[in-house]
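Shared chain: chain A. Partners: chain B in the first complex, chain C in the second.
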Partner chain A sequence: MDKILRVKMGSKPEYAVEELGDYAGLGGRALTTKVVYKEVPPLCHPLGPENKLAIAPGMMSGSAAAISGRISVGCKSPLTGGIKESNAGGQAAQVMARLGYAAIILEGESPEGKLYTLVVKKDEISLVEASDITGLNNYDAVEKLVAKYGDKAAYMSIGTAGERKLAASSIACTDVELRPTRHCGRGGVGAVMASKGIKAVVLDDAGCSMRQPVNADAFKAANKLFVQGIKAHGVSGQGLPAYGTNVLSNVINEAGGFPTNNFSKGQFPNVHKISGETQAETEIARGGKATHGCHRGCVIQCSGTYVDKDGNYLTKQPEYETVWAHGPNCGIDDLDAIAMMDRMDDDFGLDTIEMGATIAVAMEAGLAKFGDADAAIKLLQEVGDGTPLGRILGSGAAVTAKTYGIERAPVVKGQAMPAYDPRPIQGIGVTYATTPQGADHTAGYAIATNILKVGGFVDPLKPQGQVELSRNLQIATAAIDSTGMCLFIAFPILDQPETFNAFVDLINAFFGLSMTADDVTALGKSVLTMERDFNKAAGFTKEDDRLPMYFKREKLEPHNAIFDVTDEELDQVFNW
Partner chain B sequence: MDKILRVKMGSKPEYAVEELGDYAGLGGRALTTKVVYKEVPPLCHPLGPENKLAIAPGMMSGSAAAISGRISVGCKSPLTGGIKESNAGGQAAQVMARLGYAAIILEGESPEGKLYTLVVKKDEISLVEASDITGLNNYDAVEKLVAKYGDKAAYMSIGTAGERKLAASSIACTDVELRPTRHCGRGGVGAVMASKGIKAVVLDDAGCSMRQPVNADAFKAANKLFVQGIKAHGVSGQGLPAYGTNVLSNVINEAGGFPTNNFSKGQFPNVHKISGETQAETEIARGGKATHGCHRGCVIQCSGTYVDKDGNYLTKQPEYETVWAHGPNCGIDDLDAIAMMDRMDDDFGLDTIEMGATIAVAMEAGLAKFGDADAAIKLLQEVGDGTPLGRILGSGAAVTAKTYGIERAPVVKGQAMPAYDPRPIQGIGVTYATTPQGADHTAGYAIATNILKVGGFVDPLKPQGQVELSRNLQIATAAIDSTGMCLFIAFPILDQPETFNAFVDLINAFFGLSMTADDVTALGKSVLTMERDFNKAAGFTKEDDRLPMYFKREKLEPHNAIFDVTDEELDQVFNW
Partner chain C sequence: MSCIEVKTFATLNSLFPSVQDYPLQEGDRVLDIMARIGIPPEKVTIIFINNVHAEPESPLKDGDVLGLFPPIGGG
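And now, the complex of A and B:
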């Protein structure tokens, strides 16, 4: 990871391999954020030639460090208008890191709207006209790419949603089975890749080897303790492997914060039909898998394989957020329908959270009835078909609400809220409101402490303590997102000091550093500061760090809660 | 004008007649702006119950003062997210002023989505369920209203675009012939009226008399000089009466600032086919009218009547902005097609500027070819039909560009630019960028001095002097918009000191005041300050006072001009 590949699109596409310079030592979110912060004019159009798309594996990706396979993409977001970092699992990070690239930076704009495949091998870089896969969705496109470039490579691609430059479009990364199921989902990053004229990136590390630590013995020892800690924690060692992320459905429903029918209720009566427990049981009974890793080196294995009633592969195990978005948030209790929509999102290249939130807004607008799974699938198909309605929906919940004159769009900075209502779980509301990313649960996962009692406990129904909780989690997350480590390591490292120490030791041993916990905090703060500064220069103010007004006006059952963290408190999140 | 009618919508709609209080002495924009500034939470949703719609005749409306029939509506805009004042001619201002209401303030929200007709008579106010006109467009709705409430009343109404809460929807005001042709067009004010549950406002001043001046003789003398001055000026006394506002097509085209094909060129080869001269000739030849007033008391008479080839009424004489928007900006050179779209906009209740700009963006997105008038009419019909595509288009140019992934949306603060390219006419670019209203020519009509050499001359191609020009015009306009006077009085009062004096004397004589020019300036500044403060509290910053980046990147023929007023200069506009 000692070089950067810069691809300049335009009438004559060209590329250059550069030294790291200012970007040395960074990875993942820290690196993509710094590229956007330093190189992208904050007031540029997200789909214009001045925007850039940075792709970066984490600092630890490509090494033997456990669960280090997250890849980040960063740009100015067409969805939020602010800075965006969106990360995913799959194989891309590990392969790209072994190829030695700390980042690929795509800049300029597509020459005459043409799309290319960027092929990156050990000693060869090429831009190939992508006429063979243009217009294809991710599953078909990847199948063709694998036939051409082989089953040892990792692939990143956009579907037709990205080609249409829709603001809910994602970038798909292939998983271990070479399926396009792991998505940099949020913020419309697929549209930015399309605007640069890149349909797919092929990453082939043939001839490359694993990244080696500076201090091999210390690294091995730390990694062992780190893995032990992950496996010892109830969430990362038991709940997630057994039931996947959807283990949360019952938990969040019980807490009364499970947004139902477009955030109009906090509990879903038929939660048992779509819970992680039911999902795992269904998968196992049909011959699918309930425990599976999204990339090699994963020691949590929270994913799985969802097969249809005949036992045929349908999609990877839908995540909790997806099950919620396409399920209860739309009043839908049919796991097969939810899995079908997960498949369609992956195929078209769409963010499942944004799409579920959007369909719920469409239901509120009267385009379908809450609970009507067939109608929801038809709405999603419109996006794949590129109809005008599909363009509305594919532009996300805020645009859908705007075109249909609906007030109740659960968005912050134009991005839809995930699967936790901020009224009865106020900590996550603070994160939604204040993260530079737009409403995002991963940016500061207060659910851990509000609900799961990881890292202590802060009463979710009260405003007290939420700002400090969100602040600390946002800082820690920005650091973790830079390492390439899966965010689920947060559960053990928040609860188990020895696992946190192993995590820091692992990084130190790999790079030959002597970082302390304070250095990790400093890294997180520096990332957040750049993101906030970019957004400020793009015109964001504290008024953008607010939930929509109806979350303060409309009480949510069963707790009859409103969001009552004050604006003044929200403004203290980044006052460290 | 000594009272305010406040209508509170909700489960039990009610109203109250109040004293003026803090609003005493204000009218038009000064009054609507103060209501929004004082009473509307800046972060509320424009279609939510916290927003308010204020309707106010000008300070001089309802009196014998010449050309004083402008009515203002104000609210938080669904199009821009900022404060909005949109004014129109027609009869509403005069009638409402004689009824004694300085403002009607609509607040709360529609009970269960129902629509009502608000009927205001001398001694009777009522809210009548509007089931008879719900779902009708403006022409049919007004015809039914006139049948019910008579031909002496003035009517304000929304069409189906407003009912659908589209962000380009307008509020129509009837003209002298009781046609819904004068629109508070900009900013989506029709959607806000719909969200309050008001389909129409009937204003019947039977039994009321004209407002009387405090100093009758001085008023009469000043009014005489004022009218003489208007008639003596070349623009207001000759050009506008003879050819209407469309006298500008040849002028702006000659200057190279006539946006053609979605602002991609500065001149339209077939301008002669759609110019004001051709338009007037066509109207006269077919038995229409080329010189006509939009309200009683108008002494400029810049309007007219456009009839079809068989001599049947089609629409009022389309304004310059409309002819440009639906014409050259879409590559269209067919006056009949343009007039048809003007009629459709008036009927559906849509802003012609926003719709023309939007259709041009749709053409850039490939939905139709530039120059294809039939296709443009079909696109507009989609809005009337309420199809998904119609909802996209009816949401304006920015949303259309977003849903189709188009960078070239000529918008500021979400509102489309009018008929002057800001690259070769930099003064208007300063106004577009900085007015709190979103891109708007009327807010500070720099064309006067850049092109028409009214009020001096500032070279349109150079950045020098534009900030001062726009500043002074914005201040003067905010004051004029408060009087109820048509903005076209600006031509004689800018050029003829004796006409400016007559204007001030007229106000002083009416109210028994002794205002000076400085007081007029102070009024304008106070209005702008409130508007800016509201926007700031709604999250706007100097970064919102910018043109889209492509106006700095893409040169416009024939001058190969880019917009080169610097950001630092733009930030000085309100530094007075």
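And now, the complex of A and C:
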């Protein structure tokens, strides 16, 4: 990864391959954040020519390091108006890293609204007019691309939601089976890709080889210990492979923090119908798969394949967040309907969290009844059809709530909250409020310590200790997001010092460095500092680091909890 | 007779199914119930009593709902 591909769109699209310069040694979120921080004017319109879309595999991607296949996409977000980093699994990171690119930076704007396919091969780069796939959704577009460019490449694409520049639109990455199922989902990154005039990126690493470590023996030894640690931990070694991320439905429900009917209750009575246990059982009984990796080299295998009642492929195993968003948050207890909406989101190119939260707001507004799965599917179809209502819904929960005069929009910085209510789980509330990304659970996953007893225990019902917990997790996450490692390595790393050491040793052996734990922390802090500075220059103040006020006013059953971390405490999260 | 509901989840549930009315004895703590059912303590990392986190030593009373989880996570 010793070069950057810079694609300048305009009346005459052109590209240049550059040296790394200031970006040397960075990857993933650290790299996309630095590009946005250094090169994008904070006051620009997210869909204007001054914004840029940076795509970067992690520092360790394309190597033999286990579970290193995350790809980051960064830009100024059309959903939040702040900096955005959205990452996904799939094959793109590994392939792009082997091609040698630390980043692809898309800049300028679509010439005359035309869309192009960017094709990147070992010795050839081309921009091809995408008239053959323009107007297609992800599944059809990728099928055509595979027919043209082969089954050895990895593909990134936008669906019609991205083409319409909707603020909830995603960028799809193909999985091992060449399906567009792994999405850089959050923040409307698909709309930014469309505004640059790029419909798809083809990454073909034929003729390229795996990235080699500087210290091969030390790398091999550290990788072995790292994998052993991941497999030895109960969460990453047993729970996730057996049941997938949706294993969380029962425990979050039991904790009373499972947002139901647009965050109006903390428990869903029919949780057993949509739980990870039921989902895995259903998949296996129908001939699908309950254990499956989203990219080659994954040693956790938290995904799966969801098939319909006749055994035909419908979608990948919907994630916990998706099951919750389209399920209990809308009062829906039908796994098949939820899987159908997951398929539709992947196909149209939409963030499942934002869309589930938006449909719940629409239900509160009276557009459909809570629990009506058919009506929810029809609302989602409106987005795919691009109707005026569909465009409102595809703009996210905040816009939909404003359009229909609803106070209860569960958003921070315009981005919908994920599957944990911040009132009975106060640590995640601190993360939602303060992360520069807008409400995002992955930015500082306090659920681990508030609920799952990973990395210790901080009582979720009390405000004490939550700021420190969220701060430490946000710093660690910013660093992990830069390595290309799946965030689920955090479970063994937080509990097992020897696995954390193996993780640091692995990076050191690969690059010939001698980083310590303090250096990892410094990397995370530097990423967060750039993100905070960008947002500040874009107009954000500490008053944007707050939850909507109804989370401090309306008590949530069963704990009758309100969010009671004070504003003064929230302002201490980044006080290092 | 005093009873509690015992709910088990994930891998625990296939070995030790949930019980709606489990008899409670005087002075029972969570670890006593687990011992009588035969659940090895090391298999349980998350314990809830009436939706609030609890410990193996936490006492139980009539009508409590006990939730037991093995190590799980996601996100």
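The rule is short, and it goes like this: the second predicted complex is superposed on the first by the 576 of 576 C-alpha atoms of A that agree within 3 Å, B and C clash if a C-alpha of one lies under 4 Å from a C-alpha of the other, contacts with A are read in each partner's own complex, and residues count from 1 in each chain.
Basically, a contact is a pair of C-beta atoms (placed from the backbone, for glycine too) under 8 Å apart; a residue touches a chain by one contact, two chains touch by 3 or more.
These numbers come from a predicted model, not from an experiment.
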Exercise for the section: Figure out whether A:385 sits in contact with chain B (first) or chain C (second), or with both, or with neither. Expected result: neither
Exercise for the section: Return first, second, both or neither, reflecting whether A:452 touches chain B, chain C, both chains, or no partner chain. Expected result: second
Problem - Touched partner set for A:302, first chain B, second chain C, both or neither - result: second
Exercise for the section: May I ask you to decide whether A:244 touches chain B, chain C, both, or neither, giving the answer as first, second, both or neither? Expected result: second
Practice task
Tell me which partner A:546 touches in the superposition: chain B (first), chain C (second), both or neither.
Solution key: first
Handout entry: First, second, both or neither for A:402, with chain B first and chain C second
Key = first
Problem - First (chain B), second (chain C), both or neither touched by A:442 - result: second
Handout entry: Complex contact set, residues of chain A against chain C
Key = 233-236, 238-240, 242-248, 250-251, 254-256, 267, 276-277, 302, 319-321, 441-442, 445, 447-448, 451-454, 457, 459-461, 487-488, 491, 558-559
Completion exercise
So, in the complex, the side of chain B touching chain A is made of residues 41-45, 47-48, 50, 78, 164-167, 191, 194-195, 387-389, 391-392, 394-395, 399, 402-407, 537-541, 543-544, 546, 548-550
Exercise for the section: Over in the complex, which chain C residues touch chain A? Could you list them? Expected result: 7, 9-11, 13, 45-46, 48, 51-53, 67, 69-75
